[in-house]
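You will see two complexes here that share chain A, one where it goes with chain B and one where it goes with chain C.
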Partner chain A sequence: MRRIKKEAIEKKLKELAKDYRIFAPMNGDVKETGGEFEECFPRLSGKCAFLPPEEEILRYKDGKVEETPEDKPIILFGIRPCDARAISLIELAMRDEKFPDVYFLRKKEKGIIISIACKEPGDTCFCTSFGHGPFSTQGSDALLVEKDDYYLVLGNEKFFKLFGEGEEAREEDKEYFEEAKKRAEEKIEKIPVDNLGEKLLSRIEDPVWEKISRKCLNCGACTFLCPTCYCFDIQDLERSWGVSRRRYWDSCMFSIYTKEASGHNPRPTHRERVRNRIMHKFSYYPYLYGEFGCTGCGRCVVYCPVNFDIREVLKILGGSG
Partner chain B sequence: MNPYEMQRARIVRIYRLTDDVKFFQVRPYMGTEVCELNYRPGQFMMISLPGIGEAPFSISSTPSRPGLYEFCIRKVGRLTEKIFELKENAVIWLRGPYGNGFPVEQMEGHDLLIIMGGLGAAPLRSLLLYALDNRELFGKIYLLHGARTPDDMLFREEFLELMHRDDLVCLLTVDRDDTGRWPAYTGVVTELFRYVKGIDPKNTYAAVCGPPVMYKFVVEKLVELQIPKNQILMTLERRMKCGIGKCGHCAIEYIYTCLDGPVFTYWDVLHMKELI
Partner chain C sequence: MIERIREEARKAFEEGKIEILIGFGRGTLRATPIFIEKKEDVDKLIWDDTCWINLATYLRRFRGKKTGIVAKGCDARSVVALIAEKQLKREDVYIIGVPCQGMKNEKGEEFLSCRYCEYPTPPVYDVLVGEKREGKKENYPDVSEFESMPPEKRWEFFSEEAKKCIRCYACREACPMCYCEECFVDSLDPRWLEPGLSLSSLQFWHLVRAYHQAGRCSDCGACERACPMDVKILYLTRKLNKEVRELFGFVTGLDPEALPPLGTYSTEDKEEFIL
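Entry: the complex of A and B
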C-alpha cells in the first residue's frame, strides 16, 4: 500500500487531460471532464467511458468502408469499486475468440480505471452479496482510500507509472484501511445468492413473475443506469462526408427490442421482459461467464419510478423473502 | 479487425417472386474468378445499405453452386423498401455468413423431410438445393411447401418443375386456388403428411421453417411420425442488430440466435422458453 497526497493526484489528473480523455463523476453523472471530478456516487455509471451512450462503429465514405479511428486513451477516475467491477463484467461479453468487439476492447486495453473506496455505502447497496465489496479492487488499476489530505493507494504498475509512487503507507494507514473497510462492509445488506441461478431457472414458469412484473413501466431506466447492461442498437447517421454507422444504448425492457420483421414478438409482455432481465443477470450470466451480471450498486432500486426493488425480487425467487 | 465491417457486393439479377417478395442474386467483389463462397445451408448474412441500415437475411442459395449468394427478400420495412428500389448492377454491402446453419454432415445418410410455409422457403431452399446437388448422400427426400394462394408461393415455378423429378417427392399446396389452374394440392401444409410414406423415422431429419403458428401443427405431425425430437430442426426468426453475439437483441436464455442458431432442434424448443 502507498500513500499519495490528494493534491498531487488532482494536479496530475489535470495534466494528463492533455494526452488522455478523462471521465469522472461530475454534477451527478460520469462524464468527460478536463481532469476535474466530484466525490459522489454518480447516477450514470462508469460504463459511459468504455461503452458510451452513442458511438461510431464504422464510416462509409466515397464508396468505401473505414474503421473509426482510435481516440486518445481513457482515464476513468473517481468511480466506486462496483462500477470498476461492472466494466470487467461487460468485458466478459465483449471479449470472445470469434468476434471480439474491437471498439470496447481497444479502449479497455489502453484505458486506466481508478476507483475511490466507498466509505459510506448507501442503504440501497448490496455489493457484498456477490463476494465483493466497497473496497474491492476487481476491475480497478488502482483503489484509492481517502484519509485526511492523502489517498491510500492499492494500485498496479500502470497507475504508479502515471501518478507517481508517493510514499510507503504507514502502519496506522493500514489499520485505518482495514477498519474503514470493515465498517463500510458492515453497513451493507447481504442478499443470499447461493444457487440463485439454478433457483431462478427452476422457477421460470412460476406465476410469481406475473406479480413481480405487474408494476414495471418498461421505461428502461434501470437498464440505462445499470453499470453492467450493454445491449445496443445500430443506426446510420448521414453526415456531409458520408455515413456514420453508430451504436446506441438499447433496452430489453422495450417491446420493440425483440419484435421481428413479421410482427411476431417472442417476449410480448412485461412478464417475459422483466423475467429476461432478471434471469440474464442472475442465471444466464453466471452460466456463461461464471459471474453474476450485477454488482449490487443499487441504481435500479434508487431510480426506478415505481420502486421496483430487485433485492426483493431476488429474495422472493431465491426463497429467502 | 472490425467485426462490423462489411464487404462490397453487386446485385447480378433480380426476379420478382410474389407481390412483395423479390429474389436477388448477389456477387461479392472478388476479382473476375468464380468465388467459392464458404457458407452452410441455414446460415444468414447481414445486408446493409449505408445511410439506411442493416438487417439479417437468410441465404437461399447453396454453397454447392458457387459464385453467387441468393436472397429472398420481403418488403416489410425501411431497409427492404430501399432494397426493392435497387436495380441490377447496384452495389449492396454484406457481412457474414453468420449462425450455425444446418448440420448437413450429420444429416447425410438420412431421409429428409423439408417443410416450409410462406417465407420459410428462403432458408430451406438452400438445404433443399444442397441435398439435391449431393443427391447420393441422402435417402428419400420429401418437400412439403404451403402457401396461401398460387400467387403467394415462393419459387413456385422452380418447385413445380421438381414435381417431375423421381428422386424426390415434391408436395405443394395452397390454402385456396383462385386461378383454377393450380396443378397441385389445396389445403393446409399438415394435410400433405398423408402422402409421406416409406420413410424410416429414426433415420429421418425434418427441417421446418414458417410462420410461428405453423410450427405447432407441423411438429405434432412429426412427433406422430416418431421422428426423434433432436432430428426435428427448425430455423427461427429473431430481431438482430449485430449478428455477432454482442448487441443482445436475439438472446434466448443463455444463447444467441446469431451464434448458436438460427437452426434449433425441437428438443431445444421444448427446453427453452421464448424460443418461438
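Entry: the complex of A and C
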C-alpha cells in the first residue's frame, strides 16, 4: 500500500486531460470532464466511459467503409469499486471468442480505471452479497481510500507510472484501511445468493414470475442506469455525406427489443421481460462466465419509478424471502 | 383513511364487484403498486404521501376483468379519460376514490402537480372514502410564469431540460395515456425521429410526447416523478392543458362521455390558430 497526497493526484489528473479522455463523477453523473471530479455515488455509472449511450462505429462514405478511428485512451476516475467491477463484468461478455466487441475492448485495453472506496455505503447497496465490497479492487487499476489530505492506494504498475508512487504507507494507514473496510462492510445488507443460478433455472415456469413482474412498467430506467447492462442496438443513419452506423443503449425491458420482423414477440409481456432481466444476471451470467452479472450497486432499486426492488426479488426466488 | 380504504376494498370483494384490485402497498423505499386478488389481502393496502404512481396505467392489462382501483383525483381522471377513449368499459372498473392530501418528494416538498391541483377529489367514483377536498383555483400560475419568459429564454430552458434525457421512456410507461401499440419513437418505417441523444432528437421526442397528451393529460405528474434524470416535462403538458381549456373549455377526465377536443370537432371550434 502507498500513500499519495490528494493534491498531487488531482493535479496530475488535470495534466493528463491533454493525452487522455477523463471521465469522472460530476454533478451527480459520470461524464467527460477536463480532469475535475466530484466525490459522490454517481447516478449514470462508469459504463458511460466505455459504452456510451450513443457512438459511431463506422461510416460509409464515397463508396467506401471507414472504421471510426480510435480516440484518445480513457481514464475513468473516482467511481465506486462496484462500478469498476461492473466494467470487468461487461468485459466478460464483450470478450466473446467468436464475436469480440472491438469497440469496447480497444477502449478497455488502453483505459485506466481508478476507484475510490466507499467509506459510507448507501442503504440500497448490497455489493457484499457477491463476495466483493466497498473496498473491492476487482476491475480497478487502483483503489484509493481517502485519509485526511492523502489517498491510501492499492494500485498496479499502470497507475503508479502515471500518477507517481508517493510514499510507502505507514502502519497506522494499514490499520485505518482495515478498520474503515470492516466498518463499511458491516453496514451492508447481504442477500443470500447460494446456488441462485440453479434455483432460478428450476423455477423458470413458476407462476411467481407473474406476481413479481406485475408492477414493472417495462421502461428502461433500471437497465440504462445499471452499470453491468450492456445491451445495444445498431442503426444506420443517413447523413448528407453518406451513412453513419451507430450503436445506442437498448434495453431488454422494452417490448420492441425482441419484436421480430414478422411481428411475433417471444417476450410479449412484463413477465417474460422481467424474467429475462433477472435470469440473465443471476443465472445465465454465472453459467456462462462464472460470475453474477450484478454488482449490488442498488441503482435499479433507487431509480425505479414503481419501487421494484431487486433485493426482494432475489430473496423470494432464492427462497429466503 | 387506510382503514376506510381496506373496508371498502373488502366489501367490493365480498359483493363480487371486483376480481382484482390495484392499490398501494408498503414498498422498500416508498408506496409501491400492489395487485390484490383475494379479500384476505386487503390489509396490505396503505395510503400515504408517497403514492406517486398513477395506478390507472395498469388498468388496460386487466381488460375484461372486474378491476378495482384505489384512485386519487388525478388517477380517477385518467380512468375517465381512458373510458372516454374506449380503452376501458365503465362497468369493468370499480373506482375507490380517495380525496388526495397531495404527494411529496423525499425531502417532504409537495410536487408541482399537487401544489396546483384542482381536483384532489375524484370527480367520478363508485365509492368515496373520506371527506371531499376542495381544489385550488389558480389556473396554472407556473405556466403563466413560463409564458412570460422571452422566447430565447424559453428555448434555452426547454433545451437544457431536454438535454438531460436518456430516452429511457419511464415517463411514457408511467403515463396511463401513453398506450399506443407502437410509440412514434419506436417506429422504424417511417422513422419519425433518430435514436440517440442529439439535442434535436431529444427536443423532438419531448415536444411530440407532450403534443400527444393535449386534452388527454390529467396533470397527475406521474411522468415527471418517474424520470430518473430529473428532467422537467410537466410544464409542457401543463401548458397544453391550459391551452385546451382556454380554446375549447375542456378539462380532461371529468366526464366519461366527453371526447377529448383533438378526437372530435365542432363547428364552434375556434380557428384563430389555423392559418
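The working rule: the second predicted complex is superposed on the first by the 320 of 321 C-alpha atoms of A that agree within 3 Å, B and C clash if a C-alpha of one lies under 4 Å from a C-alpha of the other, contacts with A are read in each partner's own complex, and residues count from 1 in each chain.
By definition in this document, a contact is a pair of C-beta atoms (placed from the backbone, for glycine too) under 8 Å apart; a residue touches a chain by one contact, two chains touch by 3 or more.
Quick caveat: nothing in here was measured; it's all calculated off a predicted structure.
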Legend entry - Joint occupancy of chain A by chain B and chain C, clash or fit: fit
Inset, instruction - Using the touch definition from the top, say if A:Asp233 reaches chain B (first), chain C (second), both or neither. - result: both
Legend entry - First (chain B), second (chain C), both or neither touched by A:Arg246: second
Inset, instruction - Using the superposition on chain A described above, determine whether A:Glu198 touches chain B (first), chain C (second), both, or neither. - result: neither
Inset, instruction - Go through the superposed model and pick first if A:Leu288 touches only chain B, second if only chain C, both, or neither. - result: first
Inset, instruction - Pick one for A:Pro53: touches chain B only (first), chain C only (second), both, or neither. - result: second
Legend entry - Partner chain(s) touched by A:Ala221 [first = chain B, second = chain C, both, neither]: second
Legend entry - Which superposed partner A:Asp101 touches (first chain B, second chain C, both, neither): first
Inset, instruction - Calculate the angle at chain A, using C-alpha centres, between the directions toward chain B and chain C; round to the nearest 10 degrees. - result: 80
Inset, instruction - Determine, for the superposed model, which of the two partners chain B and chain C contacts more residues of chain A. - result: B
Inset, instruction - Would you sort A:Arg267 into first (chain B), second (chain C), both or neither based on which partner it touches? - result: first
Inset, instruction - If you've got the overlay open, could you tell me the nearest Cα approach between chain B and chain C in whole angstrom? - result: 5
Inset, instruction - Using the superposition on A, tell me which residues of chain A are in contact with chain B and, in the other complex, with chain C. - result: 233, 235
Inset, instruction - Can you check the complex and tell me which residues of chain A touch chain B? - result: 57-58, 60, 63, 65, 67, 93-94, 96, 98-102, 204-205, 230-236, 238, 242-243, 245, 247, 250, 252, 257-262, 264, 266-267, 272, 276, 279-280, 283-284, 287-288
Inset, instruction - Could you pull out which chain B residues touch chain A in their complex? - result: 1-6, 8, 50-55, 74, 76-77, 80, 91, 93, 119, 211-212, 237-239, 241-242, 244-249, 251-254, 259, 273-276
Inset, instruction - Mind listing the chain C positions that touch chain A in their complex? - result: 27-35, 52-53, 57-58, 166-170, 172-174, 186, 194-198, 222, 225-226, 228-229
Legend entry - Of chain A, residues touching chain C in the complex: 43-44, 53-54, 124, 214-215, 217-221, 224-225, 233, 235, 237, 246, 248-249, 251, 254, 256, 301-303, 305-309, 311-312
